[in-house]
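So that you can tell them apart, the chains are marked A, B, C and D in the order they are listed, and the count of residues begins at 1 in each.
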Amino acid sequence: MSGDPYVWIAAMLTIGVFSFLVEDNPVFCAIEHLLVGLSTGYMFCVYWYRVFVPELVRPLWESGAGAEAHLWVVVAICVLWTCKYIERVKDLAKIALAFWLAVDLGLAIPTEMDAGVIAQVLGTIDVSFDGAIVNVVGEMVLLVGTVAALTYFVFSKPHRGVVGATAKLGTWVLMIGFGASFGYTILSRIYLLIGRVLFLLRDWLGVVG
Amino acid sequence: MRASLAVLGLVLALSTSAAAAAAPVASAAGKRDGEARGWFDSKRAVNLGAVVVFAGLFLWFVRTGRKGRPLYLRPIAGLSAIDDAVGRAAEMGRPILYAPGLSSVTEPVTVASMGVLGRVAERAARLHTRVKVPNYDPLTYPVAQEIVRRAFAKVGRADEFQPDDVSYLTSRSFTYAAAVAGMMTRERTASNFFVGHFFSEYLILAETGVATGAVQIGGTDSVAQLPFVITTCDHTMIGEEVFAAAALVGDDPVSRSTIRAHDWFKLLIFAFVILGAGLKLAIDAGALAWTLDGLGVDGAQRVIARITAALYGG
Amino acid sequence: MDARPLLAKLSRLDRRAVFAAIAVVVVLPFLSPFDLRATPSEATLAFDAALEKAIASGRPLLIDVDFGPQTVAEMEPMLLAVLDRVFAAECKVVFVTFIPEASSPLRRYLERAEAKHGLVYGEDYVFLGYGSAYAYTMYGMGTNIGAYFHSDDRGTKIAELPLMRRVKSLKDVAAVVNIASNSFPRFWVQYGVAPFGFDLIVGATAVNATDYYPYLQTGQIKGLLAGGRAAAEYEGILVDRGVMAGPGDATRGLGSQSLALAVILAFIAIGNAAYFLGRRGAARKARP
Amino acid sequence: MKRALGYRVPAALLLVLGLFMAIQYYIPHPIVQAPKELILQWKQPINAYIIFLALGGLVAMHVRRVVRRRERWGYSVLTLAAAAAMTFLGLAYGIQDDTVFADWFAYLVTPIEATMFSLLAFFVASAAFRAFRARTVGATILLVSAAIVMLGMIPTVQDAIPPLGDAAQFLLKYPNTAAKRAIMVGVALGAISVSLKAIFGIDKTILSKGG
């Protein structure tokens, strides 16, 4: 049995969260609101000490007006974004939002094409029918399955006739894939529970070696 | 604006394809010191070509979309179910929950989710139903609030919009899961929407929603969570269907028309896959070497080696 | 005894009965533990081979640890096994993380490894600490690590660390090992491997791992430890190779996991049996 | 002027900077890469600032709930107290490992979040029990595929019936990859299309023309 008060508190909180499985209750509601509050404080301090001060406040403070010009752009964007909360100048915030959108959406175009389309298509055509029968069948399933599943995502043709049949096959491939990864995921979820059980049995109660 | 758009599209297509054509010259210059320093990274020529082709198709269908020709698009399950789900919540006099996912509003899937949110909020406003939007991302939070406010105003019920319904909770995934699970159970939301990018915490939200007896509509691009969306939602928009739903939801013919660009590009992918796989089989089976020798092409092995390296280098 | 009413009742079973069964089955094996050995899968063997190749090259490694305390049960055994392997082979390692809550647990693991393997900080290993805006920093580290990490986790300037003089960018490392419970491996592929082409070796949770099989197939990642079970497989490999004294937590967890899977399958079978009997019963009642 | 600032300027910035961020991917020349590097480095501090504003919004909401004695306002007092305490501890004594701030995180936040995460073990079981019913062809395939993988993952079953383990590996390696690959391609095309629509101003949802 652990003597450390922090371990006892953590154990009580753990049991409190598990109680949500039985039904929603005031203890869980309290723990949830406590968690939101603590996370708010945690996030503020971590981003303040680890990002905001070292990356912006200190360089600006030390070099004053002579700071690298780009830091003033950061300040400008932050000011523009603050306008969202001031009714009269609300629209100015859209400039900061547009900057943010441009950076992410602009960069998404080539990177999505690389990792999402080209890599997957090159992977699909890289069929190799040498080796064991199960690999040959597998490569066939992979090739046909990918094409069929992609046909399910055709929008401008009604799913009838050949397109319909291929899309149907595609749905089945999707279902096999989802079933397989669902089954496989159960493993890691159980490990999470094992982690908490080990905490309660080993660190708190000391029942397990 | 329309003319400048078309001109810009052309300029983009021309300049990038010109750059692609000039690739060998520029990249040769860059190659000398090993690292591509020149004006074009030839390793990314294929990517550039693909983007230019997609952008070309996209701009072409923007043009045809402007002509307003009706285009067939197959129904998307999640989309048609929105009205029933909102109606159900209105009948029961209980609020709707819309979780826009954990990614920032600058991620494409969250941009799509904002489009769907606009449609849901509009329908809810028309039926005097509250829409609770718990946010994970600090940037998505004010944008979502703006969209829901605009939906209520558009239906002439700006006064019924409660700003606190669209709230920022936290940027920690399991704190968010706990808070939203609590919200669903206590506010007894009648219909839940999960549209956007989710991580492992998704199943906590969805299973809690199922336990409250809510109707659930899900749509996500996160491949890892789709198996859980399928098993917890009455209607699911799988991957690209979320983007298609966002294009359909605005009833804007141009947006609708851009989905044709996706399908035409898929056609190119089908052709490339069939040719590519066929060619690989021919190479493996030695058929290609045999035919090249037959045609008297000398150095067939060098040609095949280069094809293999380029296409199947992997 | 007509089973139908029992099965009908079972199909509408309250989900809390399912919860209770899972709780019992997970706790039981820890009260009477039994050691279960798992046969390594292809992905685990690829992980081992890729790590061995990187160690054999003699060049330093970059290990990016992105798991918080919540996924310790599945990810900690992976990290501890990798630490034992790389430090037993006197491999030089630069550590980094992109999630704030990973820093303090990682410091504790490194302190234990430093004591166990007699390491010298700054020469045998360096911990650069937490870098935010993950995708952009990964993309930036491809060309210039110093631009994104001015100093290490302990505040010492990069230039003063001997190991960092050998590792200016990701071109100077034999491989990047990413032990992550979130989707950062996907960003390493998109912003690291795609532009710069180094070897990426991934340890992930079981659910995210199914996302990375396509990357393994295309060679974008060279090896994959998929979830706690793969960690148990890798522990087995290292025990047989004499690197680890005995099986770690992952192997012990296999017992709980196997029983829980069996219980879930039983519930699925019951649910379907009751569903079909219910339908057949209704069909018979419908006939005049 | 308000009209311009309201929509046309942000739209133009989105168009120009969006195209630049796309095109820079193909041009390694330092003249183009230097500004991009700079922009990427701006992300971190701006991101922090935006989080501070959102946290402020959260605190304001809880204060309103307490002041107006809305339903469950007592819990909001708890949230505000916890946020104040954690912030005070962090600012007053720092956030390094040996501080009370780090202890509170390790012994209060972490166990709650880890336990929330572990609830998934229960929910995945209840979802399987409810959803894996052979109602339709698709549901049956989902069920059979999941059952094979689960059976194949149990070491004793895998050793007793080796083909089951191989079948599980086969399902995970081939059809699962095919499904994921098709979804990834579809998602990538969708993402590129949404990006182009936003950059070219065809989809105005986010920058919300008017209203």
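The rule we apply is simple: contacts are C-beta pairs under 8 Å (C-beta built on N, C-alpha and C of every residue); 3 or more make two chains touch, one makes a residue touch a chain.
Every value quoted in this text rests on a predicted model; they were computed, and no experiment measured them.
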Interface with more contacting C-beta pairs, comparing B-C to B-D:
B-D
Looking at C-alpha means, what's the farthest chain from subunit C?
B
Between the Cα centroids of subunit B and subunit C the separation in whole angstrom comes to 28
Between subunit B and subunit D, what is the separation of their C-alpha centroids in Å?
15
So, what's the distance in Å between the C-alpha centres of subunit D and subunit A?
3
Centre-of-Cα separation between subunit D and subunit C, whole angstrom
19
Would you please write down the residue numbers of subunit C that are in contact with two or more other chains?
15, 19, 22, 26, 70-72, 132, 205, 207, 210-211, 214, 217-218, 229, 257, 260-261, 264
Could you list the positions in subunit A whose residues touch two or more of the other chains?
17, 20-21, 29, 31, 35-36, 39-40, 42-43, 46, 51, 97, 100-101, 103, 105, 108-115, 117, 120-124, 126, 143, 146, 150, 152-153, 174, 178-182, 184-187, 189-190, 192-193, 195-196
Going by residue number, subunit B touches two or more other chains at 44, 47-48, 51, 54, 105, 108, 111, 139, 143, 169-172, 174-175, 178, 186, 200, 223-224, 226, 228, 230-231, 238-240, 244, 259, 262, 266, 269, 314
Could you please specify the touching residues of subunit D with respect to subunit B in the complex?
15, 19, 22-23, 25-30, 50-51, 53-55, 57-58, 61, 64-65, 72, 109, 112-114, 116-117, 119-120, 123-124, 126-128, 130-132, 142, 180, 183-187, 189-198, 200-203, 205-206, 208, 211
Parts of subunit C lying in touch with subunit D, wherever the complex brings them together
13, 15, 18-19, 21-23, 26, 36-39, 41-42, 68-72, 101, 104, 107, 132-133, 136, 139-140, 147-148, 210-211, 213-214, 217, 229, 254, 257-258, 260-265, 267-268, 271-272, 275-276
If we count contacts the way the header does, which residues on subunit B are in touch with subunit A in the complex?
44, 46-48, 50-51, 54, 71-74, 76, 104-108, 111, 139, 142-143, 169-172, 175, 178-179, 181-182, 185-186, 224, 226-228, 230-231, 238-241, 244, 259-260, 262-263, 266, 269-270, 272-274, 276-277, 279-281, 284, 311-312, 314
List of subunit D residues in touch with subunit C within their complex
37, 40-41, 43-44, 47-48, 97, 102, 105-106, 110, 113-114, 116-117, 121-122, 124-126, 128-130, 132-135, 143, 147, 150-151, 153-156, 158-159, 165, 169, 172-173, 176-177, 180-181, 184
Contact footprint of subunit D on subunit A as seen in their complex
6-7, 9-11, 13-14, 17-18, 20-21, 29-31, 33-49, 51-52, 55-56, 70, 73-74, 77-78, 81-82, 85, 91-92, 94-95, 97-103, 105-113, 115-117, 120-121, 123-124, 134, 138-139, 141-146, 148-150, 152-153, 170-187, 189-190, 192-193, 195-196, 199
